[in-house]
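Chains: A, B, C, D and E, in written order; residue numbering restarts at 1 for each.
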Amino acid sequence: MYCNQPPEKPGNKKELLEKITNMARANSLWVTAYGTGCGAIELRPLHTSRFDMERFGIAMRPTPRQADVLIISGYLATKTLKRVIRVYEQMQDPKYIVALGSCTINGGMYFDSYNTLNVLDKYLPVDVYVMGCMPRPEAIIDGFSLLMQKIKDGRAQGWKHYKENLDYYRENQKKIITDWDLPDYNW
Amino acid sequence: MGVNPATDPKKTTHLFFGPQHPGVTGNMSIEMWFDGDQITKAITHVGYLHRGFEKLMEKRLWIQNFPLVCRICVPEPDINEECYALAIEELTGIEVPERAKWIRTLVLELARLAVNLMAFGGQAGTLGLGTAAMWGITFRDFVLDLFEELTGARIYHIFILPGGVRRDLPPGFENRVEKVLGKIEERLPELDRLVLNNAIFKLRTQNVGVVKPEWIEEYGLVGPVARGSGSVRDVRKDAPYEIYNKLDFDVVTEAGNDIFARAMVRRREIDLSISLIRQILSGMPKGPVATKLPNVTEWRVPAGEYYSRVESSRGEYGYYVVSDGSLKPRRVHVRGPSYVHAVPLLERMLVGANIADVSNIMVSLTTCPPEIER
Amino acid sequence: MIDKVKKELEIRFPLLKLVREQHNYLHVKVERVSAMDAIVMARTSLGHSVLQLISTVDRIEDDVFQMTWILENYSACTVLLISADYPRENCIVPSLCQIWPAASAFEREIFEMFGISFPGNPREGEDFLLEGWKDTPPMRRDFETEEYAMRVYGERQPREHLDPRQYIGDIVGEWNTPMGRKREEEK
Amino acid sequence: MVKALAIFLPLLGAFINAWLPGKNPKASRVVSYLLLTAGLAAVVMLSIQLGAWNLNDLSNSVILSTGVGAPPLSINLEITAGGTLAAIVMYAATIFSLRRFALTTPRSQPLVLGLLTASLGLLFATDIFNSFVFLEIGSIVTIGLTAACRCGSRWEAAIKAALVSGLVTILYLLAVAALYRSTGMLTLEALGTLTGGSAILVAILLLTVIVTEIKAYPLTGWGLDFYQGTSSIVAGLYSATWSLAVLLWAAKVLPLLPVGNPIIYAWIGAGGLVLSQLAGLRASSSGRIMGYSTSAYASLLLVAAGTTTGAFYTQIVTVLMVFSSLAKFSLFMLGNPEKKDRWSGYGTILFLAPVLVLAGIPPMPVFWAKFSFLAHLASNFPVIFYAVLTGLFLEAVYLFRFWSARSEKVRVERASKPSAVAAVLLMLTAAIWITRMSWGMLDFSGSIIASDGIRNIFHGLFAVGTLLCLPGVFNRTGREKNYWFWLLISGAALTILPAAGNGLTFYLLWEISAFAAVIGVSKGVAAKNGTFWYAVFASLSGYLLLAGILLSKGSFVIAGLPAILLTIAALVKMGQFGTHLWNIRAYPVAPGTMPAFLAGTASKAAVLLLVAVALTTTGGALPWGRVLAWMGALTALATAMLAAFAPDYRKMLAYASVSQLGFVLMGLGLASILGWTAAFYQTIHHLIFKMALFLGAAGVVYRTGTSEFNNLGGLVKKMPWTFAFTLIAVISFASVPPLAGFGGKWLLYNGLVEAGWLPVLIVGMFASVVAFLYSFRLLHGVFLGQLSPRNAHAKEAPLPLLIPQAILAMAIMVLGFKPTILLNFLVPTLEAIPGLSGLAPVIQGDMVLTAMGTWNAWMVGLMVMGFFGVAFVFFWISGHKPKYVGQLDLGFAGEMPPSADEVHYSNNFFRPYARALSFLPKIHAEKIFRGTTKTFNMLGDGVRALFTGDGRTYLAHSLIFLLLLFVFLNGGM
Amino acid sequence: MLANFTSVALTIVGALTWGLLLGGISRSVTARIHGRMGPRVTQNFIDLWKLFRKTSSIHHGGMFWMAPMFRITGAICVLLMVPLVIGQNITYNMSFAGDVFLLIYIMFFGCLGMALGAGNSGHPYAVIAVSRGLAQMSSYELSFSIAVVAIAVGLHTFKIEGIVAAQQAGITSWNIFRFPFASAGALLAFLPMQMAYPFGIVLAPQEIPIGPPTEYSSRMLSFMLSGRALFGVAKLILFVSLLFGGASSWLSLFVKTFLLYMYPIVVSSVFPRFRTEQSIRFLWFIPTTLALVDLVRVML
């Protein structure tokens, strides 16, 4: 199905506001401090003088309530997936997921492990993948600039997608989390 | 059956410290109960990083496991390669050329230096002294640059292989190492002033997180945790592997039993590593760096069992390797030092500790969850 | 040093089998019934007072679990490995928690990974590495991890392109991920 | 004829009974009743005839001669007016206990009647030998009655009594012989004519006999064992008849003894009073406690005999002895439960009335006698006065402990019910009667508080405070529902308190209010301990007040020691400087709105007292104002810190109350216009917020049944209005502008700076900052945090509790935004008081100016509310609606929170603060008081060691006493 | 009247801007000490705008969403109670309505509201942080109030205008020179007021992430952060007025507040946190003793 309407012209007041807001969103990415996997080791140099991601307005927030970005830093064990879902659902809209490492894309070298999931996208809406094992800080920064571009363009809509296809995601999540006791999604 | 006073819901608060917590080291959690701000009971939960390495290694060829083992410990992956390689060499009897041994030792010491820089700064970082943490990680980055040049990767090097190392040192590497060491040494006194001479750092760490000397044997504590409590145990000295018997060094030990003593051990380990690296660089022999291996896809290691030990930055690291003579290992069991530090010891140390000191204590044990969970 | 240990053990346990011996390393295999005696003896009179590891090897062809206790002597820096075979069916091994508190964690892990029960461990059965695991204990040889992973986490995405950009998804294009493909199919 | 009948009817009855019961018990009982009723009627007629009922002159008498000739051949009796009153009590007690005797031991009926006869005889005997006869009869009958039941302890008691009476007989006969030999007469008057060696001999012999018989210290031992050992019914009858008779006989004999200076009685009595009451502190069984109380009254008798004479003496002694005996009778009837028969509700008051009588609490009849007596002592014998006061306070302590221990579960024997009820009714009637007669001593004409303005403020405070507590009382069930009556009485007494015109009136109203409140508190569930502490401290402050008033000789208070005593009384009432112990014990257990009344309203009586003292003595400035201010400041700080660690909501409020009253004290101590303005402002504010808080607490307790923080939390969802009002009160007392509390602090600080008391200022500011700790703890512990599933059923507090809170919250707002309403009234009132120094604050419109500071509450209020409103509106119109998430949906490190109970952080809330404080030496008032109690107990144990429980020791005591008397009197003469 | 309203509105807007700017600068300065570049100075504006425009947020009850209002109101009130520039009466705003006592107490308004909001969130970390914060506040307010009383009594006025006016006779008449000990006490109390390390025990991320605002998100957090920025500026102006001679011109106001703001930033970069009880004891002993020296001097 194709969209017949012509694209809305910029200049609409609301549009402008949204655009400014998107600029702000892109330049102020607060990351949940959650090192879910081994990729977290390269997040530390990102803070420091060598790479300094605070230049881009990227900062760590200790609590998910205040964060915009969740970095999945590598493979996810099922036990962690449960916590990640919880953390993700506690974040406030709009929110984004950056997945690091090959193992989030297709399982990487753990494709046959009994405890790590292979394709993260089936369980959570990933906005940007950064490949590598593990990705270098430069690659992560590159991933972030990609995310920023997407946000500026208004295309980082993973959270909306998650809301709309919640059943799909839930089904997948419940398939591998055998003792499901999380509450329903709340925004 | 009354209510357990340590977990009485009326008197205590029940909380999870981690996994999503800035003060926790890596992806693990501590479930704790506390009364006021004093902890009455703590349980360590691990397994958030469990990837089933040991199962996967049984499914892969001997040589294919090298990319796997290095991922067991993220901050210091070379230890795993070394330990695994030592076991294979012991089982197959492959001889390692002399120069390869020196290079291996160099790599191990560089890795140890990197980890200790990060851990020493991180100790101050948990107390809110972000400056020290930042500096520590920055210094580490210099070392990572060396690794990148040597091995092509910053974190997972896959450099040590059975029978030697992957390649020789690039030309001029010694000079660059020396330059990095000089740079680090130049800044270290400033870091000392910031951390070790800081009255408040002392207030927060002295007599906190005490590890009693009698616990060392009870729990099997190793590394800086044991050496901060007066132990002089160091595999490099006691059961020398590679060329440690040719190097001149004393085991670092402190008698304070507390977090400050452990931080002090780490700090002196940095000096020790620098000195060892200098010794290695000056005494490096010439020669080949690897023995030719048979066709690795058809490589069968003779049946046997061996427990190899290496001193990591966190203490003794062991690999229990069982081969049944087939293409793949029968069993590889990794014994990381964090295993006892983070689970039984931490649970015991936290009882009675202040809630403000949880992260502090945990970092002083330098727990590394992946090596517990594998 | 280790010779003395060996001698003492041989006197006490005549059926002992020597697996490997080095200048600071001794691996012996004892009868199942005398395993605990040997461990206690090593601890109390032979100076090997530190428990480093409890390990299990699934020797499915002999229908036994080979238990190995790795004991260290801190002052002499020698290692003593004591092994014993236990039958695989309803395997029960005595717990060492009373002697070494640290044994609890090792035993909990082995219970989870092999299904070996350690009566006397007060915390046996608590979740350790896995959460809500219902399948065969994963470290048993008869557990097929790849088959399990394929069943639970889905097929690994075959790598169609060598260019990772195409594989991960174009930065400006539609998501080239399972979810994105699903939506394309709908269109 | 009437006279004779009155005395001898019982004797007749005894004879008939001795003959009848075997054949027809019912007939004998009927006969006894008939005879006794007739005797009672006769005595009442006699008393009316002698004019005993106006109590002014009790020495009217008629002589009744029987037989021929003079005594000892015949019996001549002098029936005095006071004696008739005692006889009424004796008859009544016998009538009421007869049924009980008839039921249990029918054969003892003649003994009962015999005891009555002996008592009446001894009461009226004029002849020393006749007295001996009656004494012997009485002793024998007592022994017989006691031994009628064959059980160990009673036999023991009987034997001890027999031993003592044997010794008494010997000594008495010796005395009679000596008297007869030197004078040839045996009348009592003959004693007065003795001289020389025989006089001393007779005096010491008879004094020993009397002291032994009336069981005064140190010869109390046998009496204690006797009361403890014998059955309660015998003890009751004994105390109401024989004991009373002996006491009054002793009262008759004592002034006649030739001891030279009778002051020696007073010394024996006063010393004995203090020592015996010390020992009494350790007594536990009710019989023994009654024994100690008897000893106290015997000692009082000795003191009275030594210090007073004539009609006054007779009057005091009669009233004291008659009513104390009656009280003991009813207590014995109520005590020692044998059958389980619960008297719910009325049991407390039934039990309390005699205790109040014994402790001499107004308006009970004994109080009036004690008051006159103490007034006399205070003006003439100050040292004895202090000793007596101390003894009486100690007595009050153990009596209240006894009461509080019993009031929990009053079980009364069915058979004793009527007698106990009758006795109590009799006492209450007497109380009303005597109070009516003493009406003239009360004065409401000119208040002790000269300033109309101040008086009106206090009238208003008390009236409003009481009224606001009243709506909440109707939402009660069970035991607690009855407290409203006592609250009302207490509040009424307080409301007229500022109008009191003299010390007595003030004291009377003060005590009525205090003890009505004590009864009210005792209605609470598990209020035993709290009631005891409250009663003890109430009587402590009461006795201090009494002492101060009496030492001031007529005027309300004079400077010097009396003023200090009154100040201390006020401090105790406020709970300042270590005496907060009663507040923190009584408030948490008091029922319903009672703590609101106590903390909010009743505590203002102490402020009133301080103001009155200051105004009366110096016209405003207390000379020890600086000490007072320091006390206030230190109390405020210490209790604020203690409040932060309190584990119970109401307990924390109690601490907070004491802490905030410390600021009042600081203001009063300043003795400047600013200081007093601050003090009054703070007083009014304290009433408002403290009542609001305690009413809120009442609602919480009503809905959840607990006030422990560990069981509460998260109630804001269930009780939003209670939370809102509590929040307003808390913000106010944390003195955060724009609510009312800031004003008091601001005025106070300005006053302190004006006076240059900067250290006090600093301590005060520190205390007010520490208040933040407990104010948050209070709100969080009850209303915020996680709602426990335990309280999931809780609802909003009932309207009768909410409406007063709403009114008070409104008052806080009004006072906070427009403090000038109050200040415009206060400042001129206080400016008119001459004794106050310093400059008055200047009020210009909404602006209040002092020498150094300014304060415009209206502008501040507008600003705060304005910006709050703007922020609020801005948030809402911006169209952003936060979504409500469940209480357990927390960012919990990725895990699921286990349960509300486990997640709620409550226990040991300020543990780091406690740890930081740990360097301070732990001077707990609690510990000091425990130490004091321990010391007293040790002293008591030391004194008690005298009473070994062995009859022979008691004999030895008597003989040693005799010897000492001999030495002393001989040397003295 | 209109001029007054305009002045009030401009003060609030200006203080917010200046506060956020100072926050940005402080982040840069901290970054430089770390050896980093740090964010743009406008980063705080971007963060605030982003938070303000987040599309969802949560609340835990009435007090929870009223707390930011409390916070912002308290901050504005403190701000308006202090005269900005001496001599320009229009910038005195509401300072006629009260004196330093009012200021000391109205500073608690926002804190109390914040604490209540944290309590209503039901998160134990938030409550522990409040318990720490209150315990610490009660300690530093002691030395702060002693210092203020010493200065005010020494200058015979409680009015801030008066205190500022007494310092206009050259740099030596500044209170920091006239009352050096009291000033030292107050400046030590300034560190915990600004939650600077070593006193930053309330928001300690490694211990109790991150204290009272742990459950706050989106727009409520943006309110809270603006309240914090405003409050920070208000405290700066207060301290400048109390100790550093006030501001005689706009330039000196900006310069003085900027320099004073750098002081906690620099200190906190080189110290770790105290534990709560250590912090309390430190505050009880050192700053209080210092301030008492001047108090005694004033009394004699």
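The working rule: a residue touches a chain if its C-beta (ideal position, glycine included) is under 8 Å from a C-beta of that chain, and two chains touch if they have at least 3 such contacts.
Here the structure is a predicted model, which is why all the values come from computation and not from measurement.
Contact with both chain D and chain E is made by A, B. Chains making contact with chain A as well as with chain C: B. When every chain is reduced to the mean of its CA atoms, the largest separation from chain E belongs to C.
In this assembly, the chain whose C-alpha centre lies farthest from chain A is D. Across every pairing of chains, the maximum count of C-beta contacts belongs to D-E.
Closest chain to the protein centre (all Cα atoms averaged), using per-chain Cα means: E. Chain C and chain E, compared by their mean Cα positions, are separated by 57 Å. We define each chain's centre as the mean of its Cα atoms; on that basis chain B and chain C are separated by 21 Å.
Distance between chain A and chain D, defined via averaged C-alpha coordinates, is recorded as 73 Å. With centres defined as mean CA coordinates, chain D is found 76 Å away from chain C.
Touching of two or more other chains is recorded for residues 34-36, 56-58, 124, 128, 205, 209, 214-215, 218, 275-276, 278 of chain E. Counting partner chains per residue, chain C shows two or more touched chains at residues 130-131, 138, 143, 145-146. For chain D, residues touching at least two other chains, in rising order: 883, 885, 889, 891-892, 894-895, 903-905, 909-910, 912. Chain pairs recorded as touching, per the definition above, are A-B, A-C, A-D, A-E, B-C, B-D, B-E, D-E.
For chain D in complex with chain A, the residues that touch the partner chain are 883, 885-886, 889, 891, 894-896. Residues 13, 15, 21-23, 37, 124-131, 134-135, 138, 194, 198, 200-201, 203-204, 354-360 of chain B touch chain E in their complex. Chain E makes touch with chain D in their complex at residues 56-63, 65-66, 68-70, 72-73, 76-77, 80, 94, 96-102, 104-106, 108-109, 111-112, 115-116, 119-124, 127-128, 130-132, 134-135, 137-139, 141-142, 145-146, 149, 152-153, 156-159, 214-215, 218-220, 223, 275-278, 280-281, 284, 295, 298-299. By the touch criterion stated above, chain E contacts chain B in their complex at residues 30, 33-36, 124-125, 128, 197-198, 200-201, 204-209, 269-276, 278. Partner chain A is touched in their complex by these residues of chain B: 19-22, 26-27, 47-52, 55-56, 59, 67-68, 71, 74-75, 118, 134, 137-138, 140-141, 144, 154-156, 370, 373.
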